[in-house]
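Chains: A, B, C, D, E and F, in written order; residue numbering restarts at 1 for each.
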Amino acid sequence: METHQAKRVEITIEAPMERRLTDALQNAGVQGYTITPVVGGSGRSGVWSREGQVGRAGGMVQVICIIRPERLDALLDAAFSVVDRHMGVVCITDCQVLRAERF
Amino acid sequence: MDGILALAADNLISPIILSFALGVFAALARSDLTVPEAAAKALSIYLLFAIGFKGGVSVADHGIDGTLALSLIAGLILSGALPLLAFFLLKILTKLDTTNAAAVAGHYGSISIVTFVAGTSVLQNAGISSEGYMVAVAAVMEAPAILSALWLVSRGAKNTDMDSALLREILLNGSIVLLVGAFFIGLITGAEGLARIESFIVAPFQGVLCLFLLDMGLVAGRGLRRSRSVLKLGALAFGIIMPLCGAMVGLGAGLAIGLSLGGVVLLMVLSASASYIAVPAAMRVALPEADPAIYLTLSLGVTFPFNLTIGIPIYLAIATAVIGAS
Amino acid sequence: MDGILALAADNLISPIILSFALGVFAALARSDLTVPEAAAKALSIYLLFAIGFKGGVSVADHGIDGTLALSLIAGLILSGALPLLAFFLLKILTKLDTTNAAAVAGHYGSISIVTFVAGTSVLQNAGISSEGYMVAVAAVMEAPAILSALWLVSRGAKNTDMDSALLREILLNGSIVLLVGAFFIGLITGAEGLARIESFIVAPFQGVLCLFLLDMGLVAGRGLRRSRSVLKLGALAFGIIMPLCGAMVGLGAGLAIGLSLGGVVLLMVLSASASYIAVPAAMRVALPEADPAIYLTLSLGVTFPFNLTIGIPIYLAIATAVIGAS
Amino acid sequence: MDGILALAADNLISPIILSFALGVFAALARSDLTVPEAAAKALSIYLLFAIGFKGGVSVADHGIDGTLALSLIAGLILSGALPLLAFFLLKILTKLDTTNAAAVAGHYGSISIVTFVAGTSVLQNAGISSEGYMVAVAAVMEAPAILSALWLVSRGAKNTDMDSALLREILLNGSIVLLVGAFFIGLITGAEGLARIESFIVAPFQGVLCLFLLDMGLVAGRGLRRSRSVLKLGALAFGIIMPLCGAMVGLGAGLAIGLSLGGVVLLMVLSASASYIAVPAAMRVALPEADPAIYLTLSLGVTFPFNLTIGIPIYLAIATAVIGAS
Amino acid sequence: METHQAKRVEITIEAPMERRLTDALQNAGVQGYTITPVVGGSGRSGVWSREGQVGRAGGMVQVICIIRPERLDALLDAAFSVVDRHMGVVCITDCQVLRAERF
Amino acid sequence: METHQAKRVEITIEAPMERRLTDALQNAGVQGYTITPVVGGSGRSGVWSREGQVGRAGGMVQVICIIRPERLDALLDAAFSVVDRHMGVVCITDCQVLRAERF
């Protein structure tokens, strides 16, 4: 099966920033992303868990974007503008995709 | 005085308070007891809907009296002004920097709807009626405090991420929309509407509140366990002194606008209570440098249980004494 | 005529309809108010269980009359035939291609159980009784429409992913199994069973419905906001004309098999309502090329609120006039 | 004898049992009916809170009689000893290796709170009262069985991952903390506390139980479908013989300590029931080599429905016969 | 610690297709996979979110398979037969695993 | 945008072992991780799903750690000590991160 080179960018970000991040991505021309839930974690600011929480403040989500390599920089600039002063981890991996015309 | 102690004792051994205590205990003991996030959110949707609706019905029943508008304005001003008081107290009592102090202050200008509910049920048990529109006052008090907090920071030439998107988010945040929306539904459908859904929003209300407070106890206990180190003595003192001061300001405002005894007590409770849902989310966006461990632990771990247990009976006692005397 | 208007007005200001409106408003205003997916599913499980159970108890109470079998057959035929009518209307009113038109048509042959419930509660308020087994008719109407829709596509020599696995999925989909299962539990345990769980499935029912409709309003509003562009005027017109036509077909069928006034109204409501749970899932599997934005927005964003607000009172008025006259 | 059959029949056609049956059917038929995990957990929190609370209130009402301490001790001993009996039976009836046999045995020493609730409601329907503190006995019986199971394995010089962290997890596991905590809240707040939350924890209880059993049926049915192969005839026999033997041991203990008829039946039910929540989690940690398919299917797929349907009426019949005769 | 070369295949697919995909994987001899939830996303067919949804239609899930490199093609063929006409993203990454005998 | 080489370790583990794993990670000096939910899966011990489950026994979670390459071995040793006799999959990918000072 024919596969094509792409980049998988996984951004772990505070839930209250989610809409700002996806808006920034859209503005940077990134139309495809998938949001997955996060139930807890640990970092320099301590351990946290979503259990029993009512508000969105104390939680994070992951936004996963798969894009062509040449568009990576635009995406990272957009993501960085949002993540900058906030908690959040940006992790980029090389990957292969089927149906390259979709990206 | 005896009456107050009895009331306080009675309050302390209610299933609601004990459920909160159970949650705190379970969290501190590192039990794996947890309420799923979706269930906790569902409980809070139920509570906001029921509270708003009943407030609306009560206004539909008793009519809108002249102090409604005054009360709303008082709420707006209190919510905007209390953070200044809180900021001042924090600067005296703690060594928090401006950003953290402002973030905490914002929480204390805003309100805790569960504390408000606990206040109404203490009043109910004591047979004291109150203005139904106090729910609307609670709603208007949610947001202005956030703006005050951001102003406190920007005054110090610090950078805040305030923008129109955030302003819309604050004003249209889920709990405000649900509370106000349910209030209007109650107002429009009135007693007839209430009759249809009474056995859902009235009868089981106290029981649902127990489970919700169990969850809040778990969250507060987990917060306390993890953030013990951030809570210096000064901050702890603030968590108890601030609600008392807030209540006094609320008392003054309530008397000035001529609320009933019950209404005055509820305004005191609103002023004394601190937010732990809407304001934290706004702070994460606008003041990311502020440490959530500080403001959440203070608001949910110190002030919330203080108000719930002894704060409310004290406010009721003071209001009774002052109004009886005048 | 005055009675109808009063009924319609009464219907419009019920807490249930207003909760739906609140949800739509919150979504359009981009508030972050949301009901967790797990909570929404739990509410729907409760509603299906309660509706099915009460239907079964009612049949146990009143006995099975001769029209039960006829009603079930009528339901099957209506569900299979209404998509043809819908497809025809869509071809006249809109420019949708065959695949999309067939997918939409499938939704209108199937039913919305919440619309059905709204119908029963309008009847209840008007003091009109109806056949308990109409719940079973609702259940049999869920699936055949899907097969009709797929037939409409395959006729055009288009490819559909219909297979035996899909057929089993359609017939055993969760909401049918729960509705029918609860119906049989109610039928078997009868009034005695109801007595045991009455304060769970009867008393709080209308209140739970409010929260469910709040959620449906949120989902519908989000859909409307996102799909405004796909909704051309023709499609909008279809979303209102089709339920009216469907109701007329239902009226004819109900009269033909000799249902009571209440039963006729409910068959009209079933025929007029469009699915937004079972059919969309089947369409994603079998007709992946059809655009969900079109069928979901039409069904949940246009026809559902139309039926809920003015559709049902109109159907009741027509049925009353026709049956009174005959 | 007729009375027993009538009781058994009555038990079988209750909405609760039929809801369980519906769940099993839906799972075996591969319907996509599911209860979200968060909703299932919320239901179980409600049930544990309500059961514990009502037990505490009942003790507050009737006072603590002399057999309370004895009952708790009996519970501890039964929970520790029953796994030995189970292990012995398993070695006779099945070819399970030591690790798997010990893991299964641990489940049968511990208890199923839903089986306990079903027992209390059969008693209630028969008009037989029981000691409120049996809830506390249920709580103390959760954990010791786990230690027995681990001892059975370590005796065979096998490695278990038992450590102090696990011990704390077992003793402070969520369901024990909630059950015992709610018991104390009920004990402290008494009839007055109950009055406040009665319409939440008493009235809708049976209805909530239906939905919970629907979910347990779904889980059990899915387990049966997937694990059909692991269930040899010997294991199946064990799943029915063991509860009967356990009930006899419970009968002896109940008579020895002088419980009332109702109390004796509940102790039999506790002894006969097998855990499917706390023990499986502990086994995954301490005995990862044991196959969950075996112990979960036996406990939830065989013994649970056996007790629910014919077990409990049998235990009640035996206890009535023995106590009436003595 | 000794690690072994493997492939991580992450398939984002519509929830109603989940069972079809896992059946196809099983038939292709892929016995190990993990399913993770997705709460929202965006693509050519617009933005969506699971919040408040009752049915499965409007949602996606991720199926993650870790397999030996030599079995990748069989897996992709199986996945593609299901994903083909449907929404869905297939993303393949090189990875290392412990305990190679398990894959 | 400047990126830095790192490793992404994704550990799929039974839910009752979650706390033991994160404790082991902390002890090995790994302070940052993110926990994401898993709703079902399949492996040598059969197919499972979290739907309708009340207890934690029958479920898994994913723990994702992003670390500097030189600290990978310490992390794997810690993870392996917990995963060893238990179900669980450890999957390591090369990745790039922004803001390297955080890891």
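FYI, a contact is a pair of C-beta atoms (placed from the backbone, for glycine too) under 8 Å apart; a residue touches a chain by one contact, two chains touch by 3 or more.
Worth saying up front: this structure is predicted, and the values here are computed from it rather than measured.
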Worksheet item: In this assembly, which chains make contact with subunit D and also with subunit E?
Response: C, F
Worksheet item: What is the graph distance from subunit A to subunit E, where chains are linked when they touch?
Response: 1
Discussion item. Based on mean C-alpha positions, I'd like to know which chain lies farthest from subunit D.
Written reply: A
Item to complete: Work out the mean Cα position per chain and let me know which chain is farthest from subunit C.
Response: F
Worksheet item: Hey, how far is the Cα centre of subunit B from the one of subunit F, in Å?
Response: 39
Worksheet item: So what's the Cα centroid distance for subunit C and subunit E, whole Å?
Response: 34
Worksheet, complete the sentence: Touching two or more other chains in subunit B are residues 32, 34-39, 41-42, 199, 203-204
Worksheet entry | Residues of subunit E touching at least two other chains | 36-37, 47, 49, 56, 93-94
Discussion item. Let me make sure I understand the interfaces: which chain pairs count as touching?
Written reply: A-B, A-E, A-F, B-C, B-D, C-D, C-E, D-F, E-F
Worksheet, complete the sentence: Touching subunit F in the complex, subunit E uses residues 1, 3, 6, 8, 22, 26, 31-37, 61, 66, 93-99, 102
Fill in: subunit D - residues contacting subunit C, complex
13-15, 18-19, 22, 25-26, 29-39, 42, 199, 203-208, 210-211, 214
Worksheet item: Okay, in this complex, where on subunit D does subunit B touch?
Response: 36-39, 41-42, 45-46, 49, 53, 168-169, 172-175, 177-178, 181-182, 184-185, 188-189, 193, 196-197, 199-201, 203-204
Response to the item:
Note: in the complex, subunit F contacts subunit D through residues 14, 16-17, 19-20, 45-47, 49-58, 85-87
Worksheet entry | Residues of subunit D that touch subunit F when the two form their complex | 34-37, 40-41, 44, 161, 165, 215, 218-219, 222, 226-227, 276-278, 280-285, 288-289, 291-293, 296
